[in-house]
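Letters A, B, C and D name the chains as they come in the text, with residue numbers starting at 1 for each one.
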Amino acid sequence: MGGFFGITSTRECLADVFFGTDYHSHLGTRRAGLAAYDPAIGLQRKIHNIENAPFRTKFERVFQEMRGTSAIGCISDTDPQPLLVRSRLGNYAVCTIGVINNSEKLIADCLDREGGYFDAMTGGRINSTQLFSALMSQKTDFVEGIRYAQEQIEGTASVLILKNDGSLIAARDRLGRLPICIGRSEDGYAVSFESFAYQKLGYEDERELGPGEIVQITPDGIVQLMPPGTEKRICAFLWSYYGYPTSTYEGVNVEAMRYRNGESLAEQDEQNGFSEPIDYVGGVPDSGTPHAIGYANRSGRRYARAFVKYTPTWSRSFMPQDQWERDRIAKMKQIPVHDLIQGKDLLFVDDSIVRGTQLRETVEFLYENGAKSVHMRSACPPILFACKYLNFSRSSSDVDLIARRVILELEGEAGLEHLEEYSDGSTERGRNLRRAIAEKLHFASLEFQSLEGVVKAIGLPPCELCTYCWNGKE
Amino acid sequence: MGGFFGITSTRECLADVFFGTDYHSHLGTRRAGLAAYDPAIGLQRKIHNIENAPFRTKFERVFQEMRGTSAIGCISDTDPQPLLVRSRLGNYAVCTIGVINNSEKLIADCLDREGGYFDAMTGGRINSTQLFSALMSQKTDFVEGIRYAQEQIEGTASVLILKNDGSLIAARDRLGRLPICIGRSEDGYAVSFESFAYQKLGYEDERELGPGEIVQITPDGIVQLMPPGTEKRICAFLWSYYGYPTSTYEGVNVEAMRYRNGESLAEQDEQNGFSEPIDYVGGVPDSGTPHAIGYANRSGRRYARAFVKYTPTWSRSFMPQDQWERDRIAKMKQIPVHDLIQGKDLLFVDDSIVRGTQLRETVEFLYENGAKSVHMRSACPPILFACKYLNFSRSSSDVDLIARRVILELEGEAGLEHLEEYSDGSTERGRNLRRAIAEKLHFASLEFQSLEGVVKAIGLPPCELCTYCWNGKE
Amino acid sequence: MGGFFGITSTRECLADVFFGTDYHSHLGTRRAGLAAYDPAIGLQRKIHNIENAPFRTKFERVFQEMRGTSAIGCISDTDPQPLLVRSRLGNYAVCTIGVINNSEKLIADCLDREGGYFDAMTGGRINSTQLFSALMSQKTDFVEGIRYAQEQIEGTASVLILKNDGSLIAARDRLGRLPICIGRSEDGYAVSFESFAYQKLGYEDERELGPGEIVQITPDGIVQLMPPGTEKRICAFLWSYYGYPTSTYEGVNVEAMRYRNGESLAEQDEQNGFSEPIDYVGGVPDSGTPHAIGYANRSGRRYARAFVKYTPTWSRSFMPQDQWERDRIAKMKQIPVHDLIQGKDLLFVDDSIVRGTQLRETVEFLYENGAKSVHMRSACPPILFACKYLNFSRSSSDVDLIARRVILELEGEAGLEHLEEYSDGSTERGRNLRRAIAEKLHFASLEFQSLEGVVKAIGLPPCELCTYCWNGKE
Amino acid sequence: MGGFFGITSTRECLADVFFGTDYHSHLGTRRAGLAAYDPAIGLQRKIHNIENAPFRTKFERVFQEMRGTSAIGCISDTDPQPLLVRSRLGNYAVCTIGVINNSEKLIADCLDREGGYFDAMTGGRINSTQLFSALMSQKTDFVEGIRYAQEQIEGTASVLILKNDGSLIAARDRLGRLPICIGRSEDGYAVSFESFAYQKLGYEDERELGPGEIVQITPDGIVQLMPPGTEKRICAFLWSYYGYPTSTYEGVNVEAMRYRNGESLAEQDEQNGFSEPIDYVGGVPDSGTPHAIGYANRSGRRYARAFVKYTPTWSRSFMPQDQWERDRIAKMKQIPVHDLIQGKDLLFVDDSIVRGTQLRETVEFLYENGAKSVHMRSACPPILFACKYLNFSRSSSDVDLIARRVILELEGEAGLEHLEEYSDGSTERGRNLRRAIAEKLHFASLEFQSLEGVVKAIGLPPCELCTYCWNGKE
């Protein structure tokens, strides 16, 4: 994933963009960058590796190195960004978020062309944002270029551009799978993945871009370069899994949606007559927690934090050279609260169950710490299709998905024709699937949120949501 | 505050001490250090400033620089540690936690003596651990030296020493105000402020040291150099405020204690007939949260996280040079969830109310975000005496305490003779105090946990707890 | 300027390339980079800013980050290098040395083309090596691409490429203005600007590339992809000014050439009957020194070092923020030896006189330190044409050249028609020029080496040397 | 060795002390430090390891961290300095140069005392300056303390102290083995090992301290706290070996002394009828060079630089981990100029011959590069006694000295009774020694400067010079 943030203002704005970008740190852990435009200096840029130290540590000296009345920043889980580019579109800084699934084909196309070449990274890899820029450069203006690039790529790409005159161009991906919000202050405008980022900086909500919409922004105002499309497919997982609790997309707050979602999970259990003794309801941190709070609030069962992630310094991966097994380190973060586990019947809510590997380890860890029983609830339906738009689901292909694997075990390829039935917990196939996964992962019981449940908790029209992972609907 | 961690083992243990020390990162933000003993190299030491980057970032190269079969580490909110010392006690590494209130007098005494001198820090300040070492050096063996130093200082000092033969000496402060736990594995022993630190590294609880107890530890076993004293005064705030959720001291887990404490607060409200409409119960992060969970669980009211601390990178203080007002940055961390605040009646539980400044700001922030009413509950009694043993309460003197200030406003110096009455919410003075503070800080209502309530939630005999802040009992 | 070094070997060679590149540190002060090829990893690359710390300090951790059986390195006074490139020529690492005078036009040409774009640097500048790569990519193989790029650019470009199979391609600039030497060991081959770099690493001279020659090198041997051209114009300043004393180009050692050159300067003075009293002969450090040694040896006058550059740490520019005037710092490096200046008649030899600014300051500094008289000798003829092939002369245009400026002062534009005469010290115009410059710069006397003298000291056929700066011959 | 520099001024002086300290970089390669006094902040201090990067690189951010109207700095080949100390003498910063040979005994004495202890370094080592401070603290004022410490130590100690009121105390070692110079400007005073350091900063020579003299300096003037002693023993090697060319001690410039010394060596050869064919005279860099220039100037033989130290980045030691043999790296620095060696008869002058190991390697390196013959001249007499005052001679004991070893080989212990004879090249024993060393180290011939020769070249009364290394006279 990743996220971007930018400001165009009548006053120096680098400190604001510094903090606004930092507020996207939950969206990526590998690279971060800032670009600024100052009339006297032109475009400037700084990128740092943030794998071993957080954004703020790495960029603390940026105020000696750069300045600007317009600036953009980016937190990235993949390639270094923003790039400075010089093309027939002019000089500009650019960052993109999303995923390009057909990059090798697109690169090959570019290289076939006379003069085609790329600056490469270790191993010959091509920076995705560079590829996007190369595609844009096929056309002679930004709007055409962005549209062309978005059409060429299979996947999703939202773009934020800082031009060599200090203006910003923001373009939301064609089907609006990811959000772009715009805030307004007395001095200018902010563009952001997360709206709370600019709110904390004193900007008020102006509006969200529509799917495929392209705008150019200066301190004087917003000019629409391309109106939004009529179709929208915003990713439902923004709410159920990777959005930040304080985030609000399409007017729907993440934390509040999760409470509603957990409440409806509890209602479903009630309707199903679930009556096992439960000492504590808990969430698998971090995203499972608010779903669990909703469940506990609605069910009247006690909420508790039976294990805790050690946060003060564990936000980064680290490996003391050759001295420790990698496995052991992965487990260092979760710390049990024995009194809340030992001899207890526990019900946990997780945001989703993809491959099941991590969840199985977590459940074993609970049993090792003396849990009497561990019931599991998934805050979304079974994941039956690997995401091809955002790659968010940490699963490279359908075959990794535990729901699919269990279905194949239950009745072979034939089962794949009954996916809808399997998804539905009220059918026999649905019950079989839940039972088989529960057995495999050592859950005392397993239930999934229904597709209707999660859509209702979000509250948007179903046609505006991408629910491909669950029902395969493109 | 601060915390230390050490291991003496038959095998290389630096990676374990690295992780064990890192698990104390919640206890300090200024300096961290590691010292190791290797038979071939002797004692080695490394200290880093951790104000701008976390422990793990700063120490990631330590494995190229040091090694050892015994090692100690320290996270410190004050001076650089561990120190390497050479005295007539031999060569050793040492770290201390606690506070020395009479350091200026002790330094003057040392300097009066022939040959007395100290390595100083900026501004001539003397490192507390160096002062402790200088005091120890007045005697000819470690036990005498530690006892002498502990007697001389006003305050509290727990000590961890790594000797030049790889053995550890651990000495708990005289009245056991702070914990020292010992863990055991096949290869050796671990000494730790936090027991979960060694548990995660595969060590099992061996035992906690008693107050004033001194032990020498080698991989072969533990030798008691000084038996524990009969009096104990462990700090009650370890549970209610600064302990980590997963910590367990004297057999009592922090998270579980807070649930019990929050439950009893709820019972108290029920008994008092508190019946205001409350949409959500929440905790003032981070320590208030589990008290609030307990309150919500017991009261049947809905728990919610109405605002969130942005954690991915905000664990450190940072100030872009001259570009931002310090005030503004302080407020960047708390992010509201508007849907859970706007138009809502909220009840918040905080761990304690010291000066009230921060809490007042938090409540104003909630009202600015549209809260209809904000009720406040303190998870402990009114703080009427500034801590003189650990300085934990972030209050340098009695006059900063809001409860005292309000009492003085209510009836002048005379009021100080009725502190016990003021502490008790069932008396008229007690009710007046609550009402006056609530008015001052804009709370819709205010209640404090009673002394009996908090002691009962901890579950230890009252005589073993230091409750000086609440009742002035030494 | 800048320099490159590369090895292709049957064994791990990164340490060798590290040292070999470091031996080019005298050729650049801004950026340095290493790229390596390892069959398992592919191409890797690392670039550092070396303005504040030397190459070895900045690259000391490269052995943890990269490895390879082939590698190239570059010291650069301009843009970051080597670049990793992916184009229809394949994946490769590339560095170039030389200068591109028509870059803006070439960039514009590239951008006119469909899809043309560049990764830019601060202010929109384009990396020269990237531009070279973009030009190469117009063609479908390396030889055609290199030839095409070299033809397109006005200036000079030598190239070193590390291909994705570990082989090297080295291409000397078309007229051989800069050298490329190849060394051979048991394990493979080295390619270098400086031959002493590989000699110190145990490689023996294999041969120098001819002008425009292109070769592909593997550990198995050298394959000529393009034979050398018949015309050669190697820069004469390699010997008289910027070559390292230990360097040997075209079989001619720099230090030895300078001795011969200084000797012939002394002979010229003798023939001219120069008989002023001279206490000491000295060189303007660093390049003037060996010319002065030759002069002293031949003239029988005493050689002395009347001022010294403080070298231990002054190899880098540095500016304490706002606290010191830039001018003052520039003068910190030269330290006088008063005893060798006070009351003395001094004769100094400098490598060349370009704008005269620095030399004037040096001479004033000598007078301030009590020199009785300062005679000056230039180790080369008057510089009358700004270099357009390498930009080495630190002079952006003809109008900066002091010789031209003085000629214009002496007789206006008309004087430019008598440049040859002015260059010759035996003509009246020649004598006038020397007298006028000496007056302007406060020299007691001034003489220039003759064109014949410097060519003879080098010892190559005049037609193989570029002497454009002196006689305008292309 | 090492050197210090300080200023006390009416204006901010940190930048001046930064540059003044940097001018002592030739005296040490391990640690450097700065301390400053500002009335508002008090004493501040910063120390860096300079083994991998030069002083200026490491301290470039010091202007953000410190400021002061008085400051001191230190370049050290041994322990971190300056130290901040708090003792009954008050708060102060201190650095020392010299050597303490009986430190273990002095440490033991301190530790025997009640309360005696030291902050230790890795392996339990004690910082020499800390030891000096502990000794000073035995007394109740600085003068007594410095005198007492200087008396207790066997060796040499010069001291520079920055007091907590901004005044400086400078104390030269008792016999004035090392220099301390004082400079004066309009704003204050500078104290320095090297006088050129403050001259370049606009200070004029005020005076040198006499042996054992102690002064206190404020911007208002110099107060003599202790007059100089009558005996002086300044180290003769300051001129012949480790002084910087631009340095002047006791009014005698280093470079000029070396020319005189080389000239007298040439005269001696002439008197001895030395008539071998010599193509070039050269110096073993760096200190041998000016001796060789003097020799060449006087003898009329040609001077040349037959090999060169590669300086741009080789001022520091460096070792790529496990990849290269340490031996090989040591040899990377010297680069031959083949044309000046191949087939040539060479005469080299070195500053001195201690163990002979390095010189033997250098000569072999010359023969490997084709030298026909290598004659050697030592710029000082045979070293027969290991230095016990400054340890400068890089020889821990008498038995390492090649002259002694050869004498023992020639006639056993008995030879040690004829050291004076051996030192004298005109005796048979003297000739035997030269012949035997020449054979051992593969010199074509070997001569030493005579004691009278070197003393005369310095020009001070023999009784003021320490010549212990050569004649054993204390």
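Methods note: a residue touches a chain if its C-beta (ideal position, glycine included) is under 8 Å from a C-beta of that chain, and two chains touch if they have at least 3 such contacts.
Remember, predicted model here, so these are calculated numbers, not experimental data.
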Quiz item: How short can a path of touching chains from subunit B to subunit C be, counted in steps?
Solution: 2
Practice problem: Could you tell me the distance, in whole angstrom, between the mean C-alpha positions of subunit A and subunit B? | Solution: 36
Quiz item: Centre to centre, by mean C-alpha position, how many angstrom separate subunit A and subunit D?
Solution: 63
Quiz prompt | subunit B and subunit D, separation of their C-alpha mean positions in angstrom | solution = 52
Quiz item: At which residue positions does subunit D touch at least two other chains?
Solution: none
Quiz item: Every pair of chains that touch: which are they?
Solution: A-B, A-C, B-D, C-D
Quiz item: For the complex, which residues does subunit B have touching subunit A?
Solution: 12, 14-15, 18-19, 22-23, 25-26, 52-57, 60, 63-64, 196, 200, 244-246, 248, 253, 255-256, 259, 290, 293, 296-297, 300, 302-305, 307-308, 310-316, 318, 320-321, 323-324, 332, 335-340
Quiz item: In the complex formed with subunit A, which residues of subunit C make contact?
Solution: 41-45, 83-89, 91, 107, 110-124, 126, 130, 133-134, 136-138, 164
